[in-house]
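Just so it is clear, A, B, C and D label the chains in written order, and each chain counts residues from 1 on its own.
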Amino acid sequence: MDRNQLVKWLKAPAKMGHKYSLHAVYFCTGCGIIEVPPSITARWDAERFGVLPTATPRQANLFLITGYVSVKTLRAIIRTYEQMPEPKYTVGFGSCPINGGMYWDSYNTIKHLDRYIPIDGWIAGCMPRPEAIFVAVTHLWTLIDKDMADGYKRYRKHYAAYRANQEKVLRGLDWPPLFPVEEQ
Amino acid sequence: MDRALIDSLSSTFDALRVEVPREDRLTVQAPRDAVMSVLSFLKGRGYDHLHMVSCVDWMEEGQFELVYVLSAYGTGQDSASNPGEEIILKTRIPRELPTVVSSISLFKNAEPYEREIHELFGVRFEGHPRLTPLFLERDYEIPPFRKDFDTRQYVEDFFGSIPPVGEEDQDV
Amino acid sequence: MRELELYFGPQHLGMVGNFSITLKVEGDRVVKADANPGYLHRGFEKLMEQRSWIKNFPMVCRINVVEPDSMELAYATAVESLAGIEVPERAQFIRSIYLELARVGSHLFGLWAYSNMLGFDTAAQWAMYHRDLVLDLFEELTGGRVYHIYIWPGGVRRDFPEGFEKRLVETLHSIGGCVPDYDACFFDNRLFYDRAAGIGKITREEAMEMGGTGQALRATGVPYDVRKIEPYAAYDKVPWEVPTREDGDAFSRIWVVRDEMIESVHMIFKLLDEMPKGDVYNRIPNPFKWRIPEGETYVRCESSRGELGLYLVSDGGDKPYRVHFRTPSYPHGLTILEKALVGESISDVGNIMISLYVVAPEIDR
Amino acid sequence: MAKPSLLGPLRVIKYLFKKPKTLRYPFELKEPARRYRGFHLNDWDQCTGCGNCADICPNDAIEMVERPEIAPDPGEKNERPRLDYGRCCFCGLCVDICPPGSLRLSRDYFHIHFDTSTFVFTPRDEKTDDETFLPAEKYSVLKASLAHRKRDYQGFEPEIDYALFDPDRVEMPEVPPEERKLSFVEQMLGYDREQAVREAERCLECALCEDACPAHLKISDYIEAVYEDSPEDSLRTIYEDNPIPAICGRICMKHCEDACSLSIRGEPLAIRWLKRFVSDTVRNYRDALEQSPGEPTGKRIAVIGAGPGGLSTAYFLRLLGHEVVVFDELSGGGGMLRVGPPRYRLPEEAIDKDVEYIASLGVDFRFQTRVGRDVEFEELRDEFDAVFLGIGLTVSRSTRVENADRCQLALPFLAKNKTEEKCEVPEEVIVIGGGNVAMDVAREALRLQHIRYPGKRTVTRTVSLEDWDEIPATEEEIEEAREEGVEFNPAWGPKRVVLDDQGNIKGLLCMKVNSVFDEEGRFAPTFHEDQEMFLEGRMIIEAIGQGADFSFLPKEVMERIEFTEARKVRVNENGMTTVPGIFAGGDIVNVNLDAVTAIADAKAASEGIDQWLSGGEG
């Protein structure tokens, strides 16, 4: 058994832990949040998939960006995202974060969310049904398995670019960079 | 609509234009200086429910039109006002110098409306305690709800200028 | 004691919706509350000025995600009154049924949020389950779970599907059958009483002074309901009551909500009995050539949270010249809430906010 | 109020013993509702590429993209809608506006992907796409995406009663059949202003009609002008491409209306009647159009024939500043339209209005001048710089069955009825032919019968080789003829004209038609010789087609003019025949045999003539 395989084997239980306990940040960013309460309550019960809302970003590893993101919310989203411990996964809900959606010509909403924080998966719909959320979770499992849900790594790698875009929209950020920017 | 109200409105104030577009509606066009006194007159007549304060940008005429929609809760014993009737009070102010007296002293819920109009249209309300930003995070050269603010152009210029990040990594 | 500034929301467990309040606290007492909205501001009214009359129709419902339907109605009636479009009788009944159903769904959502906030998880789970059953009905009728896009100018978008009335009645019966259990575990629960009675109290005068409507006002004993004072759709066709309470606190407001839901279900049954046959849609003009004569109108209707108004101006063109929604949460969330929070404890912020039914997207628009 | 009890809530413990309500998704699937608004489906065969969905989309989510693999039918485009699910809000307005009803929504809604570019896609449906749309046994929700969808899973679908367009046209006021068959009064009364605006409002502005129109009129522009209630603007737009609106507004073959998006599930926009409305409403063309001939060029052109082709050529060339002389043997303009279409369809006043306007621009009309009789063709060639042949098809063909020489021919019959002395008709008339000319003949004969024998029972019968499904006359002509009482005998071919002892016509012996066209679609009728039918009639009129009369051309010119396989004059893209300086257009060139195609020919030819005269290649 070579070294790589050994590492992989040793890491497997940790990965399983990440996969099956996706704790979502309790943050209603947009209108897509309306389908989250049904998913986490009796009818659909997201807990069967290990998905639970969590009060604080410090204890969460899944960030559901539910729908459109206004400029003011973007600041809160970045703050929240940066507070989450790694590994962390993000899922964009519905049309709006993908390409502006209904608010494609609004002066106050973000058009492409992946230009500000990395996104691991997108769900189509306006809004996505609870079923789609569950299927998205299973897709996310596969991505985690294959090490493809690497948004947090991309964030680290391209932090300077992300930070530049964030600063451009928000006119300066009132917190220090998460990673040393010089490293880039 | 109560005939007596219309009569007493026109006899109390001059320079009012009163119209009855519908049976249950009254439109009053007042000069800027008279707005507060008309509002307080109407409130005294039982029209104690301020629905909203709105603003319309008549750019070509160089004016903003402030719109106050009033109706009655219908709880006062002395008033003959019917809650099913609305009064739309309008006043025009110049676009270059858009100031008007705040109506908070009469209606407390005018506060956020006026704050919003200040932010989105750039109208100043004299006597308003906090004309701080309400909704917006960014500053805009022209207040965004004015007609000369082209949001499509703005989106194209501003959001279009933000580059994608790590393009080569996207399709792993 | 030292005063602290506490940022309550938008990412906060005690906050429902993307809203934020800046609290000045002394110990755990709120000294001053500053509502800080705008996290969901999309510039709706500006966007609507750029879209033609029909293109705005799928758009308006997005103003409020919890109960999009009254927005649709306000827009449709405003356009109808400006353009002089008649609505068939049957469509008026369908509108009323649909809006009452939406009210039930919306109140169940509010009930979930409220009981969840107080920690009454059983009632919360039930409410959300029952709301899902209502959403199934919506899905069958309109093709959408959340955004129904159903009431359009000239009537409604499609007639009832085959057998829909039967399923509607069955579902409402099954939800109604649970009312005693809801009462037992939540409304008549002593813990709920202790937690909500006397909390967030506003007097009748205060409520009226600050533009309160809906349950915020009805909980202070004023039977103010637009469905009664200026009936629209088919609300004047059947008899019904406006439930009120006297105390003006969170407890009364939630009880008004409960009674309203029951009244709505009864109203749906009555409307179904009276419903005439016939067309449900009068064709609107060609959307690409549709101009609406110059004019302005103000229409109002009773949403599940209070009075919804729409001020609509047309300059004779193919697009609205100005749209302004008077959303019920606007005075509730920005004026009344700031007042009601003062003197309360931090743990009751969410309690008061949801009992006033403050829905953030309709404040920000 | 009294404080409630603390123990009450214990009542709900009973729920502990009930079956859970949770759906065990994904093992227990929940079907979306029948009307669910999910992803799009598009039937590519039905889709016409009109682009109305893209126009109505509130979010700019739909873009029309060209698909080179599609060979569009006439009046369609090879563009198909492409959806961006980063924009779409699933409102279904595109479904409600789609004129052919090809765009629907399915009940699929799963698409989860890490790559945003996969959210842009061109919808198709199971008819044409086997790879994406899978049968139930191959489908799995866990794999579901835009490339893995369920078959026969239609959701929100178009319903014509709730469509955003109006499928019914504003009814054209017309004289009822009982009344109109008694005289030659114009059948269609024309729209009034309010009706015209209402009809123009139906236009969806997709402009498929403009591609279908041979002369490519800017239809949506002039319809828009009618809607704006400014017929003058509309007329100006029409005159850019068509100088005979009063004529075309009545008898155009309206290829545009066949292509109209609205016609697929409803009635097409009444484009022809709207054009007629414009030409009727504008009393004075000169004031409305404000046109003047171009700078004189010193060139002279002879136009032979004052039909639609000749008139249009004259108009376009005159605007370019050339001097134009039009020769025609009739006493007025219009060519075949003057003698052919009956008064109830095209009154002479309408023709004269158009012709007079063209004359007012300075075109020299020489009526009652037959080339070859009153003036020689060679003279024209010497005198003029170019010659345009717009002679049309002026000679009626005969069936040449036994005793056919006793029959009447269609064109002389129609021509005579346009004069004061009408033809004499007996009480029973047979018309041979199933085309529009045959309909004109039959309906005229019927009118004449009603005028001549008021109150008596009279019969006009038509016999045509083609059966109902392939009869060449337009549907509305047939419908109107039937309303007036014309009897039809489709799928019967004439065998022999039967004479009585005095040598007068007694009737027509017919035989049953087996097929009209052979496998390659050529005209080659076959008959069941044994099945016969005898139709009684004292007069038989043959209306089976016309030919051209080239007898005026000198032999050496005639020899140099080439013809195509379809016996048409061969012209190049500039309208020039194989003889330099001789141009041609209209029925002798195209196979459509209608006015608007003649206008299209004339436009090409006038540009060609102008180019040729200014020294370019012809």
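The rule we apply is simple: a contact is a pair of C-beta atoms (placed from the backbone, for glycine too) under 8 Å apart; a residue touches a chain by one contact, two chains touch by 3 or more.
Not measured: the values here are computed from a predicted model.
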| item | value |
| --- | --- |
| Distance-maximising chain from chain A - centres being C-alpha averages | D |
| Winner on C-beta contact pairs when A-B is weighed against C-D | C-D |
| Centre-of-Cα separation between chain B and chain A, whole angstrom | 40 |
| Chain C-chain D separation of Cα centroids, rounded to whole Å | 53 |
| CA centroid of chain A to CA centroid of chain C, Å | 30 |
| Averaged-CA centre spacing for the pair chain D and chain B, given as whole angstrom | 54 |
| Multi-chain contact sites of chain A, meaning residues that touch two or more partners | 42-44, 70, 72, 100, 102, 104-108, 112, 114, 126, 129, 148 |
| Of all residues in chain B, the ones touching two or more other chains | 135-137, 144, 149, 151-152, 170 |
| Touching two or more other chains - residues of chain C | 38, 41, 43, 46-47, 50, 58-59, 62, 129, 147, 364 |
| Residue numbers on chain D that touch chain C, as the complex places them | 3-6, 8-9, 11-12, 15, 21, 32-37, 55-58, 89-93, 96-97, 105, 155-156, 159, 161-162, 164-166, 201-205, 227 |
| Complex contacts: residues of chain A adjacent to chain C | 25-31, 33-35, 37-38, 41-44, 55-57, 68, 70, 72-73, 76, 79-80, 102-103, 105-109, 126-127, 129 |
| Complex contact set, residues of chain B against chain A | 135-140, 144, 149, 151-152, 154-155, 158-159, 161-166, 169-170, 172 |
| Complex contacts: residues of chain A adjacent to chain B | 70-72, 75, 100, 104-108, 110-112, 114-115, 118, 148, 150, 154, 157-158, 161-162, 165, 168-171 |
| Parts of chain A lying in touch with chain D, wherever the complex brings them together | 42-45, 48, 95, 98-102, 104, 112, 114, 119-126, 128-132, 134-136, 138-139, 143, 148-149 |
